[in-house]
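Chain IDs A, B, C, D and E follow the sequence of writing; residue 1 opens each chain.
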Amino acid sequence: MFSLESGSGFWNPILWILIFSIAFLLFYGIRGFGKSTYKKDTDQTKAFLSGNEEPSAEEMHVKASNLYWGFTTSMKTVYTELRKMHTGNTSDYVLWFVIILACLFLIIGVM
Amino acid sequence: MEKRTIVAVLVFTIVAVFFFFSLFLIHPFGKPGQVNMDDHIIANTQNETGTNNGVTSVVFDYRGFDTLGEATILFAAVAGVLMIFRRVKQ
Amino acid sequence: MIEYIPFIAVVTMIFIGLYAVLFRRNLIKIVIGITIIESGVNLFLIILGYREGGVAPIFTSLPAGTTYPAGMVLPVPQALTLTSIVIGVAVLALMLSLVMHIYRKYGTLDVRKIRRLKE
Amino acid sequence: MNNIDVLIEQSPALIIAIPLLGAFLMPLVSRINSTVRNIFGLLVLCLTGFFVGMLASDVLANGPRLYIFGAKDLAVPMVRILFEVDSMSIFMALITMVLAFIAMIYSWSFMKDHDGLDKYYTLVLLLITSTLGMELTGDIFNFFVFLEISCIASCALIAFWISEGEALEAAFKYIVVSAIGALFVLFAIGMLYAQYNALNIATLANVLKYTFLDKIILVLLVVVLGMKAGLVPMHMWLPDSYGRAPPSVTLIIMGATLASFYGVVRVIFTLYGNVLSTTMRFSIPLNVLVGWILITLAIISIIVGVAMALIQSDLMRLIGFSAVAEVGYMFLAIGAGIAALGTPYATTALHGGILHLLNDALDIGLLFLVAGAVYYVTKKRSLDDISGLARNMKYTTVFFIIGLLAVAGMPPLNGFASKFLIYESVYQLNPILSIVAILCSILMLAVFVKVFYAVFMGPELPAFKNVTEAPKSMLLAMGLVAALAIFIGLFPNLVIDALVKPAADALLNHAQYIGTVVGGI
Amino acid sequence: MSGMSKIVKTSVNILFPLTMIFGLYVIAHGHLTPGGGFQGGAIVASGCAMIVVAYGSKWVFKQIKENRLATFESIGAVGFITVALLGLVFSTVFFGNFLAGSNLLFGTTPATGSTGADFNTGGVLPLMNFAVGVKVIAGLFVIVLVMAYASSVKEWDT
């Protein structure tokens, strides 16, 4: 009843939720086999760094710009081009507009 | 020359050429082709709107809603200018 | 050819304005460029409505012997131009006040230096 | 004729007149005090929403509705301005009203500490009016006037935080780009007027012959409106202004952007509807050419939007770039729908694109609201300076997760429903397009997972030990959007049957749009 | 911008009423002769700008606050839309010209063809012209005044 037809396939969120909840219950059941001695707010939850002191929050903080460093470095050629494209110059914004205008004039006007 | 200048000049020329070509396809200056809408307005402005001035009848009666939009634009500009020049609390 | 000269003037004005926007570095000159484009478009609208030998579409003390509607210019482009002019004034006011403020914050009007927002 | 009929008949005019009157009265009302001002603003929106709802129920049941300004009946030359409201227009108007409500509720708390709020609310109402006007109008010059109102109002609102130089810079860039764009639209309208001596969209569509001049007009209108909708590579103003405007306003500016997208669709499907199957040189039909141009630009938009979002460190700017990508998905669907006009999967693509319009508004809107809440409590923009907010902002975190999953197209949220339709239909046009779209969707998830980690996870910085949850009205606004997103995700077919299918039919059936005006004399 | 010399001030004192009268004439006869609310409003506003130039924006700013002008503008805009809404009430369409041909205020229908200037014609158009005139005077004046004042004050904000 609630399925979304696309002509070549279908998508039923209700069915998906049913399957997902069954999977969740299964997962929860498996989780029940775990150790029951774990307790919150005791020394058990503290990180163990070979006896060293835990560093302060600022030191542990991974900056957002350092995430995905590998991806951006391997895509360096693409990103240099993209950065070069976004000059931030108002005239360039208008120039891009005129460029697209010219391209479409050539394509649609000549055809 | 910079790359940007070359691209800009090239693109500029293309757009200019197309504009020139297209404008020669518009009716010649002073000889409008189709005029039925405007002739209707000129012929009926006096008995429909009671106005001697054809332009005012278009501005305020036939296309009065555009004028409301136009007044709104001025209003928005004034609000915008006053907002930009407001004194910010320290 | 001669009857197309107004249209050529229109395109020339539009491209002078576009040139100022693309190649000038001063923000005020960019603003001037935009107003020149706007004047070009306004001129375009107004010359669309001209009829050879026509008088203004106003019946108050119409010159004797005027035939109407054939002897009057078209009123709609004039109304459109009026709207466009007022819009131009509004945009101009807003742009100039922004330029004034930008000069206070950045200390320059060079468009190449006003790009803290990039990438 | 009873009262309800009279109200429905007058509602197209009242939808514009009421918020406009509200905006004109706002400077006077806000002299009294701020509570009265807020209630007045909401009241105006409620009245407008009431009329939009009434009009929607009528239009969806009985087909397009005309409203002629200044005369009772249609006359032979279309001298008067008229509103032509069909299912597509009313769908857009409903989206605008939803966004406006959310933004108004959110503004209560978010803008509380600022001054200049009378101007703020005036401009917000003007922006809503202009967006509604763009969507309902049936006159092309009137469309231009509303485009300009939205341009000026949104420019002023982007510059609302005048003590930041960047906000002024973004506003200046926005107004330069939109002023030039709008002037080219006016130029195109002048050309249309010169050829056909008409300004009414239906009349023009009826007599359009596809001469060389019409090609120029098509390019001008599509490029300018595409720029205003944020199509790469003309998108640069969009992250600038989205990133610097107050997030409560960004929602409504997004509504105006979607209205520009609606303009592109209206121009192609209705104004050029009659000539869309004209074959040109090399026996390529116009619809294939235009469709593939849009698809190309859309694919570039998706890739560039996602790729640039990945390297942003400013939260709101990042969401701005992902909004570019989302616009790309909409154009992809519409382009596929145009390129394959007449096939069954073209209709599916249109359904997907139109549903994605709504979903994009809700998802990106929700993310902007969350970003606003984060900015409200931390006063920091950069992702590098924020960390570990989930400890103190539980509800905001939950809303962000919902927005994240929705915008990345994860089931069972609303983003998936529309992207599913887009992938399935575009795959039949060309599999590579679909694969690129899916890959970029995965990248989008990566982008927002990064944001989620940076903002809400991570160690608790000492500066944010004492942050509190966002105020109630902001939570209410976010909750409303999140509830809508979940609802559409769970029951997409309800929305599709009720709103999207009539809208797509209205787009495809341009003969009806024309006939309502031309045949009704 | 401080005030200019006494010669300028005196000539502005003479010119300002003339400009004002001319502008109001253009507004009032908008439905008969070229012009109308926008054009006449612009003329009056340029007269006001002349005063700003001659007397200096600080002096003008002391006499009249920008909020009062903005209120005037709001009143003009509300008047305009009210006339349009009255059309909805009296002739069932928004922007309906309910006064034309009614033989009430401005209700005379002029004779077809070239006629003399009968002020009592035009229906709602003179009312709209007047509302727009008020709006444009206040709007353009406040833009000029605020921009002139802001450029004359060194530290406007933060």
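Operating definition for what follows: contacts are C-beta pairs under 8 Å (C-beta built on N, C-alpha and C of every residue); 3 or more make two chains touch, one makes a residue touch a chain.
If you're wondering where the values come from, they're calculated on a predicted model, not measured in any experiment.
Note on connectivity: the fewest chain-to-chain touch steps from chain D to chain E number 1.
With contact taken as defined at the outset, chain C and chain D are each touched by A, B, E. Across the two interfaces under comparison, A-B and A-D, the one joined by more C-beta contacts turns out to be A-D.
Each chain gets a centre from the mean of its Cα atoms; the one farthest from the centre of chain E is A. We define each chain's centre as the mean of its Cα atoms; on that basis chain B and chain E are separated by 22 Å. Between chain C and chain E the centroid-to-centroid distance comes to 23 Å (mean Cα coordinates, whole Å).
With centres taken as mean Cα positions, chain C sits 8 Å from chain B. In chain C, the residues that touch at least two other chains are 14, 18, 21-23, 27, 30, 48, 56, 58-60, 68, 76, 80, 82-83, 86-87, 89-91, 93-94, 97-98, 101, 114-117, 119. For chain A, residues that reach two or more other chains under the stated contact definition are 86, 88, 90, 92, 94-95, 98-99, 101, 105, 109.
In chain E, the positions touching at least two other chains are 32-34, 38, 70, 74, 77, 81, 84, 94-95, 97, 110, 113, 115, 117, 140, 143, 146-147, 150, 156-158. Chain pairs that touch, as defined above: A-B, A-C, A-D, B-C, B-D, B-E, C-D, C-E, D-E.
The touching residues of chain B, counted against chain E in their complex, run 46-53, 55-57, 59-61, 64-65, 67-68, 70-72, 74-75, 77-79, 81-82, 85-88, 90. Chain C makes touch with chain E in their complex at residues 56, 58-62, 64, 66, 68, 82, 86, 89, 93, 96-97, 100, 104.
Contact residues of chain E toward chain C in the complex are 32-34, 38, 110, 113-117, 140, 143, 146-147, 150-151, 156.
Across the complex, chain D meets chain E through its residues 10, 13-14, 17, 20-21, 24-25, 27-28, 67-72, 162-163. Note for the complex: chain C touches chain A at residues 18, 21-24, 27, 30, 111-112, 114-119.
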